[in-house]
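Here come two complexes built around chain A, the first alongside chain B, the second alongside chain C.
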Partner chain A sequence: MNGIKLETSLRARSVLGYRRAIRTATPPILRKASSTTENASHVCDVCIVGGGIVGTALASALSTSSLKVALIEAGNLFQIPENNGNTYSNRVSSLTGSTIRFLKQIDAWNAIEANRSTPYRTMQVWDAIGKGKIQFNAPPGEEAIAHIVENNHLQAALVSTLTASQQTKIFNQSKVNSIVSGPLKHGGYGWPVVRLEDGRTIQSRLLSFAKVGADGANSRVRTFAEIDSNGWDYAQMGLVATLRLVPTDKGNDTAWQRFLPSGPIALLPLDNEHSSLVWSIPPKLAPLLRSLPEREFAEIVNVAFTGSWPDLQFLTSQIGDDGSASANFVEEARWSRKRAAIGEPKPPTIVGVQHKSRASFPLRLRNSESYAKSRVALIGDAAHSVHPLAGQGLNLGIADAESLAEVIKEGIEVGQDLGHIHLLENYTRARFTSNLAMMKSIDSIGKLFGTENGPVVTLRSFGLDVTNSMGPIKDRIMNFAGRSII
Partner chain B sequence: MTRSILADKVFLRTCSRILSNGAPRVQGAVRSHSTYPQQHANDAEPKSHTRRSPGILERSWIAVSSAVGAMRDPTKQETVAYLGEATGPYFLEKMRDRMLLDPIGRRILRERPLINTQTLDLDKLRALDDGTFGREYVRFLDLEGVSPDTRVPVKYIGDDELAYVMQRYREVHDFWHTLTGLPTTIEAELGLKWLELVQSGLPVAALSAFVGPLQLTSEQRQRLFSDYVPWAVQCGSSCRFLLNIYYEEQFHKPLPELRKELGFIPLPENL
Partner chain C sequence: MQLHMRHARTFLQNIRPPLNYVPLTKRLRAEVKRNNRCYSTSVDESEIAKFSRAASEWWNPHGEFEMLHRMNPVRVRYVRDMVARLMQGGEVQSASNPFAGMRILDIGCGGGLLSEALARLGATVVGADAGGDNIKMAQIHAIQDPALKSLEYRHITAEQLVEDKEQFDIVCALEIIEHVVNPREFTRVCSQLVKPNGLIFFSTINRTPTSYLFTILLAEHLLRWVPPGTHDHAKYITPNEMESFLTEAQCEPIDTSGISYNPITKQWKLLSGNGLGDLQMNYIVGARKLNLST
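Presenting the complex of A and B:
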């Protein structure tokens, strides 16, 4: 009898929506009622599709509540990243202060080994054409502007916070086959039903998409959610690599970014002898740079950071289709260094590349027209995609996860239906505008520095120099980029 | 009658010198040395302590006063040269960047070869076969009675590399006469100025190209704009960038072959 009563009241909530649950004393923990539609169906409160960093962070934030959470990931969440001190993954992220505050809250920050997170105190940004440059420094009280962490280590740390939780069920190495709305009759709730390829199904009050699947899952998500995303593809690929440097006595605690007309190139510190490269390049150049021999690649990166723009253009024109170099890169790089202007920023010299660490991926700008619909919420890459030039993509996603977790927890405190759009609108309201503002800024900066037009170059160099001399404005910029609270 | 013809000739020669951005040519003995350019600075390279970069106010003053002076007294070659230096740096940078994009241009910038009587062995060039670039070049010099010694040394450009680019630009002018086959008549010189303008975009070339024809007779002007200028513009747009050619290594080549290689459209027959 209890079971029937429960079912009726729940169904009433989901159909009529605005009627609050009468039983507000106890949070709506589900019991596996035997009258559910699918026999072996896993029923939970929140189902997270996509076990990337953002999805796992959401699961972790919810694991401290009494909610039942399911996390579906096509890859292997339990893969232990190697930590031998000498090799680094080529996908790294710059984690800002607010991200780290959240990670500390969910006990994930301490799970990252100390030697796998690198703080940097200084960020030097400058223009290849034009003489403008700007330098950001960590304020005196704080340890760093941001920390560089390898994505796989962060992921593993987040997964480690989930294993203790009894309420969270991880569907590891499971691909999503289809997503449908469950039937409202015969004991069904009208909730989304996720069917995996091995036949298992999961029903949940709220379905949260956190990842952009590579196998077409993305289109299934969008078809089910009926949320369009808008944006454009940048005519650029992001080239990443792990580089070996000449160690300096000052240590490696600076992040460097130079704006070339073809796209920015950034050097992020990992340890005294290694740094991570993120370089936005024209797509045609990606396979050529990936197949250049190691020595030539190191020299062309050096020229990209310290040489003149025509020097770099010349070197890229001397790479054959098979990756062979038809000029003496070492000599050309040496000559280019000799002619470098005095007073220009000097990043450390690159001497080598970690074997097989060069990879590239397309860059694009995407924003969903809405972050939530009835019973569906989008976070992280599923909601938006930005250019890596400001190192904000992952931070925005984690802020999304934090915000959605907060909204859900507030909702269950007053007994609201998790999947109801009135509750989810709080999440959209909290994140949509700030994400949009950040995306617009990043896109505008990219466009501003992507031109060689004379007057624009002069103006932007002037603007950089002026901003560099205004401390309060730089503080505000850093606040916007790193300490923005939800 | 004869005197007026002579006077005309002198006037024409003076104008041609001015318009070709040069100093009075030295009618001197020719000293032999190795034909191939030397690696480092000799006496002819402008020393860096005699060069300097003027600020924007001084630069404007030099530009204006040189322009006025050049129009008032066209026999003073320095004025045109300094006008070029005062207005040139932005365009010199562009030319230098074009050189940096080409392997031969890079070699020229690295080795910095100079063209003067110490680096060119004119006797050896005279001994080359007829019809080769080197032989025709020396023939041109002998006909005009000039020598390739340094013209006005670069004074108002502080940067070493840009000063060298300016100097090279001045020094290869005679090679262009040989390559194009243009004589030193005033219309031909102006036609060559138009070619330079298309290639380099320098303001001083633009000034000469547009103000120069004003001192011509209407008949000369008509010939200039109907024959020389269209050819010059077409040739300048299609040929290889003139500073990316290592002239010193092409002396032995037959002229028609070299012209074809570099994309020089030959002069129309009636000129």
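Presenting the complex of A and C:
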């Protein structure tokens, strides 16, 4: 009896001893963190590397949770985009219904000024070689097929939700120096540690990469996460520009996309007098088209939309290495328009290009072999990149952010460690297959139209026409493409 | 007097400038020493390394306990939902803090899988295990997460907790009753630790031919998902037995639900229906401790 009593009291003491052990074991970690000022370590639940649209969207979606979130961006997140009715950024995105629903949910959609978002209700897709064409209309009950929004305005709207909620610690204009797996000793938890160039460090239970920068972040991410990506570079560049149009009475609410053998060219409405251009071109043509005088550039775009393929080839051959035009582009375009086949879609006539709005970038198809590892999740560009012909890249990225936020919230509800691979697997499962399906279809559409091979052209003309006359199939394509092909 | 001195030392340690920061291995050694004091007279230095390794294997998401790791979120959600329904009037609780203000016992805590999750959800948790090694592993793992402040591990049996007159709002005895010698007695003892109107949860495996086929033959011997010898089929408990143990122990069984594993998706799922096949294998029971004073 005595023995039992003694044991009990010893046990009671051991309990107290343990309580103290926890108390004394924990503070050194925190003390260490706050003691060395030059290495002040920020400890958080989720650290997002890359404050682009997708990374900011994830931070915004998590800002209503109880989590401590850090967002690291090399550029300046607080740049206020111009809101001048006559000038538009050359980087725009076509936001689909599901993307907009999510943006509304996180209060970002209302923060986009009404005049910076342009719905389009019709989309005209046609072939420069065959006669195939197809027209999409907004599905019943939907206001539009998609909305065109400038990327910088979308970004600013997302950042405004973060500053409103104050939940996110923003590391603005901060470059990442290194990413390592933190040690289990010296005050670490074995979590990933991001070291910034200014010496600050951020420890997080979950590290999410949202952007691959030109600063080599890409390789650092892959080295750290040990995730390879598969894919290839298209022998194409994307050329973007903001174009001035001849205003029409009908208004500008149609998106136009024509498949040229060299790649698709698309015109996305901004307002009654402006549209945005996205043109896939051979790389050698990119510097020539960028330096072509503005008047000539407008005309060659007109020919690309309404002229024949030989006419366009002739004009591109008349651009000198310095971008000078050796033919009369205005006259050639006028003739080309006269020769245009009857019944061809008639997009608005382009009269000019906004000063300094032309830019080009290489096109790639990439998909990471997995989107998650223990304590790491890849979203958006860090996980995949697609050909912009379907304008789906950003929609897929935002869907990643939405899905990851959803999975994280499920983890919170059952008290899971948010970096646990079993939890993050749910994110990969939700996104990987659907992204892959979208990427494959976009890639094969591009390949199908990138040929002048006779039988293929006939078949695709037939295909486009048949599809155009069959409502249900068209609806299915629309649904699959998230209600947008451009 | 001795206790008094200890408090004084803790206080000093807390205000001491953080210059001489204590590395983790030392912290662990100190901790294991403190906790070992009453069980053994000497601490084997190699033990710390051993338990560190054991803890990392126990917590390895693709290791021996992968199945248990994957089951945990389902069990936690069940407890969460039942607590919301029966103790919080079905009201929607804070997503991250539904157990705030509650004291929960995780009996047979093992490496601390359930205890950690409950602590993250705001409960004050006591993780208890009769195996001292388990407690050391659980402690070693818990100090790797700064969010686990309201979590305490104790090398103690349920009987000893009753002797200490401990009381809890909720007692969880998950995946443990099939390992004890006398399940009826174990249920009775666990029940004594629950406050009147508090909740008690048991999860285990039904004693059926199906469970023999899957949990012993396939999982242990053929596929080696869990180490052979983990389970003894004769010790499995049928839902009827479980419910009668609970009733005898002054608890009112409220719900019995099956939990099934899909080896393709590697996901566990709570079976909400009461189909015939639902309780063939793993199941979880939620019961309420009767308030006999009224």
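FYI, the second predicted complex is superposed on the first by the 440 of 486 C-alpha atoms of A that agree within 3 Å, B and C clash if a C-alpha of one lies under 4 Å from a C-alpha of the other, contacts with A are read in each partner's own complex, and residues count from 1 in each chain.
Everything that follows uses one rule, which is that a contact is a pair of C-beta atoms (placed from the backbone, for glycine too) under 8 Å apart; a residue touches a chain by one contact, two chains touch by 3 or more.
Since we're looking at a predicted model, the values are computed, not measured.
After overlaying the two complexes on the shared chain, residue contacts for A:114 are found with neither chain B nor chain C. Looking at the shared chain after the overlay, A:374 reaches chain C, while chain B stays out of its contact range. Once the two complexes are overlaid on the shared chain, A:164 sits clear of chain B and of chain C alike.
Contact with chain B, but none with chain C, is seen for A:314 once the two complexes are overlaid on the shared chain. Of the two partner chains placed by the overlay, only chain C lies in contact with A:65; chain B stays clear of it. With both structures placed on the common chain, the touch criterion links A:342 to neither chain B nor chain C.
Contact with chain C, but none with chain B, is seen for A:420 once the two complexes are overlaid on the shared chain. Note for the complex: chain C touches chain A at residues 2-3, 6, 10, 13-14, 18-19, 21-25, 27, 30-31, 34-35, 37-38, 61-62, 69-70, 72-73, 76-77, 80, 94-97, 116-121, 139, 142-146, 149, 151-156, 160, 163-164, 265-266. Only residues 7-8, 10-32, 34-35, 43, 65-67, 184-190, 205, 374, 409-417, 420-423, 425, 429 of chain A touch chain C when the two sit together in their complex. Within the complex formed with chain B, the chain A residues making contact are 308-311, 313-314, 317-318, 327, 332, 335, 339. The touching residues of chain B, counted against chain A in their complex, run 97-98, 100-103, 106, 110, 161.
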